[in-house]
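Below is a structure I'd like to ask you about.
Labels A, B and C are assigned to the chains in the order they are written; within every chain, residues are numbered from 1.
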Amino acid sequence: MPSTAVLLSQAFNGLALGSLLALVSSGLTIILGTLGVLNFAHGALFAVGAYTAFVMMQATQSFVLALLGGCAVMLIIGFAMERLVIRHFYARPDEDQILVTYGIGMVLVEGLRTWFGGNSQRVPVPSWGTGATKLGFLVYPTYRLQLIGIIAALLVGLYLVLYRTSVGLVVRAGIENAGMVGILGIDVRRTFLFVFAVGIVAVGLAGMLYAPVVAVTPDMGASFMVQSFVVIVLGGLGSFPGAIVGGLIAGEIISLTSAFNSAYSEVMLYGLMALVLVARPQGLFGTEGRV
Amino acid sequence: MSLLEVESINTLYGDSHVLFDVSLHVEENEVVALLGRNGAGKTTTLRTLMGALAPRSGTIRLDGRPIQGLPPEKIARVGMQLVPEERAVFGTLTVEENLRVARLTAPNGWSLDRVWEVFPRLKERRTSRGRTLSGGEQQMLAIARALIRDPRIILLDEPFEGLAPLIVQDLIALTRRLAEEGRTIVVVEQNVAAVLSFAQRVYGFNNGHVVYEGSAAALRADPAPMRAFMGLAA
Amino acid sequence: MLSRPLRAAWPELALLVVLLAAPVLLPPLGFSHDLLSRALNWALFGLGLDILFGLAGLLSFGQAAFYGAGGFVAAYLLVSGLVQSVWLAFLIGTLAAGLFGLAVGWLAVRRIGIYFAMITLAFGQMAYFVQNSPLSDYTGGENGIAGVPVPVIGFGASAVRITAGLPMYALLAATFFLGFVLARRIVHSPVGLILKAVKENTPRVAMLGHDVPAYKLAAFTIAALYAGLAGAMLGSFQSYMPPDAFALETSGQLVVQTIVGGVGTLVGPLVGAALWLWLRDNLQLIPGFGSLWKLILGVAFIGLVMGLRRGICGEILHRWRQRGEAARLRAAKARTEAIEAAAALGDAVPPHSPSEVALPEVTLPMPRPVIDGRTAHAEIALEAQGLARHYGGLKAVDGVSFQVRRGSIHAVIGPNGAGKSTLFKMLSDEVSPSAGAVLLFGEQLTGAGVTEATQRGVAKSNQLNQLFLNLTVRENLRVAALARARGRFRLDLLAPVQGRADVEAQVATMLGVLDLGMRAETRVGVLAYGEKRRLEIGMALATSPNVLLLDEPLAGMSPSERVATCALIRRIGRSCTILLVEHDLDAVFDLAERITVLSEGRLLADGPAEVVRRDPAVQKAYLGAAPDEAAGEGTAIVGAMHEPA
């Protein structure tokens, strides 16, 4: 049995990982819920976010400026992807959507590899985030605590956009019945474009924020993407609250399991997913599955 | 010039030809009923008018402006508003949010207070989610969602279908009131007697063709022509 | 000229020639024997995916799980010394992967599209991590298993080791060739046709009486077996079993190769793999080109998915076939246009007026399910007992009971929203009732499911056509007849699809009955609407049912087509109990002996057609009732407001 201190620190790690997964998955789930497209390029876009932070950080030496610039870059990528490719696939079968987004992901990852080489890059921890913080019962890296706070703020912001603005109102209505939204005079395609871009910015931000903690490589997003698939299955496809709760559950499962036996952390996660798919395929928050 | 002029539209649904050269017109302040058996093409006509289906050929003019082939959101902004058969209330949105979505692109639409005046029941339930409403309440919300946009024409598709008789009476009273206020309405409904009590003119549909046109009063006086499109042999 | 069986086997012969010529002709072009061997290993792996995705339409992103499983089981057995024979290790590895596939597939095949892709992907990842950590004592974790021996042919001194290079090429080429021959047999077996139909329209296959999840699971397991064999051979041929056999990129690479090469062609995976490996091996040598090759391949892949969706081989095959079939297709389309124009003008299309020609009874070659004459209700074909279906608060159907007599034509009518469709779905057990039951010749049918209902002799045609648009008319009917001939599920993977005389006779009879003989080899998507409607009915009849349920058989038909279809229904009715829902009341009163009327989910009337026709309550239900006095003269039509009890 691991000590309380180990468990506590793992619980914190779980919170950090969970909040990151929540941010990645919320982007994935609102795109899936509104547009009906499962974005297999999501992992690649996570890496694109991290590399953007790397480049911007080198150029500006300011993490905040890097984040702002990074959001602008992600926004442009999101718009371009939707306009050039994704919108031609709304009416195509699921399989085609999966294939084309997988292809985009492949191109993005290989683009990064061509541009930056296959070796890992480092993004420095911002000056205000260095060192460790004493929490009384444990000492924890400051930036990781800040990470939890920043992501929480971002998720609250996303919540406010979705639940307190008229754009959010349209998005939530569109998740249910895009056709009826059009009949009520609203251009659904513009909403789709907006949702897609927001989803891409969300995953890009996750990549930027995570960059100082890990080695930045072209393939870094793949495991996050698969884990975020697990998250949205847990939370219910297309459910924003589900993505947050599911993200935290997944993060804690991975971290707490590894406190006992790190070999089983990911296995546990996928085992849980299998269980949910058999027992409650609509997930925790989904009223019904899309299939 | 009529408010709405439809000239020989043809619509296909997948591979089946559903509307054949359908022509009709609707005047300002008029209530027009489309009658016919199930599958005769009435709902398809409404969906074509709204732009949810594109006609293969023919013209549709609203206020003299051709609108055929436009997407629904553009047609809605010109002043046409469909209340679909399945009601399509947003179940995860509250009653008030449902109404606010509808009003977003109708700057000259009604205030919420005006909606509450007409639908006191909806005001009571303003914070309830759409999926928790009863069938009758959902239908009221669907109609309210159209009214709040203050459209030139409302298209009502089977407003009384699947509802309890008492609720149907309420809705008939509401529709009649709208008619008396001078709203322009096109209504599709199986409950012929109810419709004839407030409609002014009738088009009869059969197999995707318009087979009858006449005043509601004439039909009330002599229902014989209805056999051609309502289908019960005497 | 080639003889007939040889001509039918031209793909096998062509592949054989290519495989024999490749190691001689291709090395100067940058295809080393090693590259060709690796391409063949990927291609063997890809044959499984091609059956799963190309044939059955199931896109898996988790095939690496089975590739890795087969590979590591075989490698562990050999390196640990538990098994001496490499061939036996191949076999055990393959079977282990198949078993694993059976387990994963059992979970996965119940879902489609996004869910299916995600489940397979997640299990792929799970397998990767299981190999990597918990089982690392056996699998070497991140190091993999080194020193996997190569296979040996013969014994003792005369034994030949199959080493890397040409010998290994020969082994892999022979294995791929056998795998290809087998895959082609599967594609052209009854199972292959059923899987093709599943890809086109899954619910209809279930409605025709085939156990869809079982067939999908079969396809999934076959794919896993192919993957397992390829994985097992991988370790042996590079004398090292790498952990990235389990990686997500492996599954992804397989999908991309298969699509680029041409999905559904069986040679596509080979061409795709050869192209991928050639690009990697040769472009990497060009300075400054480094990883660019994969970028270019990715862009090409996106282009393929967006535009040319057939892939390289698919496009070539398509153009080849089109050359021969263009004229036939033009003729078929011209005929369709003529029929539709005639229907729109209201002309009679059938060359003979059906009402004037004596209508013979429809005799189907395939026997209908036997009815036990000793049971009490042998004369009541179908009975609804207090059927009810509630959706939330809405009572779509509320306690409906009636009987359909054996050999009669019986109609269900009622105004819109009366609950007819829901009732019909309960009768064929597509929807389970909230209360009540359906009896078929006195035996309970409810709860059996739509597939079993069809097997027991209740077939249904749909209001909206549910046909397999990319299959020919003959193939559509064959799918239906196979359900009666083979039962719910049968794994006759090696039998030729046209090999059953009873099925072929049934299809031929149906083509005649439906007057679609001239259209037998035409793709159903090209048919005129009226022809599709006829085929929709014919599909149900081709399962040799005792009871035929027709949901709005005349929907969307022109007047002349209605006449012809009514005649057809009457003909069928001579040897089969028919229950139909129809809005064309003229046709209903013309056809039906007994009529059941529904209104607002309840039974309003039930009896002989003449009695029902005169029932005032029925008239009222059809025209609606005015709610109050203000309806004024409206009441003159329908009498006083009166809610049916």
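Keep this in mind: a contact is a pair of C-beta atoms (placed from the backbone, for glycine too) under 8 Å apart; a residue touches a chain by one contact, two chains touch by 3 or more.
Since this is a predicted model, take the numbers as computed values, not measurements.
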Check: So which chain ends up in the middle if you average the CA atoms?
Finding: C
Margin query: So, comparing C-alpha centroids, which chain is the farthest one from chain A?
Written below: B
Check: Is the C-beta contact count larger for A-C or for A-B?
Finding: A-C
Item checked: Cα-centroid distance, chain B relative to chain C, in whole angstrom -> 40
Next item on the list: Please compute the C-alpha centroid of chain A, do the same for chain C, then give the distance between them in whole Å.
Entry: 36
Item checked: Approximate Å spacing (C-alpha centroids) for the pair chain A, chain B -> 43
Item checked: Complex contacts: residues of chain A adjacent to chain B -> 166, 169-170, 172-173, 175-177, 179-188
Checklist line | Residues on chain B engaged by chain C in the complex (per definition of touch) | finding: 14-18, 20, 37-39, 134-135, 158, 161-162, 165, 168-169, 172, 176, 189-197, 207, 217, 220-221, 223, 226, 230-233
Margin query: Going by the contact rule set out above, which residues of chain C touch chain B in the complex?
Written below: 340, 344, 393-394, 415-417, 464-465, 529, 532, 552, 555-556, 559, 583-586, 589, 613, 618-619, 622-628, 630-638, 643
Item checked: Contact footprint of chain A on chain C as seen in their complex -> 53, 57, 59, 61, 107, 111-115, 117-119, 121-123, 125-126, 129-130, 133-134, 136, 248-249, 252, 255-256, 259, 290-292, 294-295, 297-299, 301-302, 305-306, 309
Margin query: Per the contact definition, I'd like the list of chain A residues that touch chain C in the complex.
Written below: 32, 38, 85, 88, 93-96, 98-100, 102-104, 106-107, 110-111, 113-114, 118, 222-223, 226, 229-230, 233, 237, 262-264, 266-267, 270-271, 273-274, 277-278, 281, 289-291
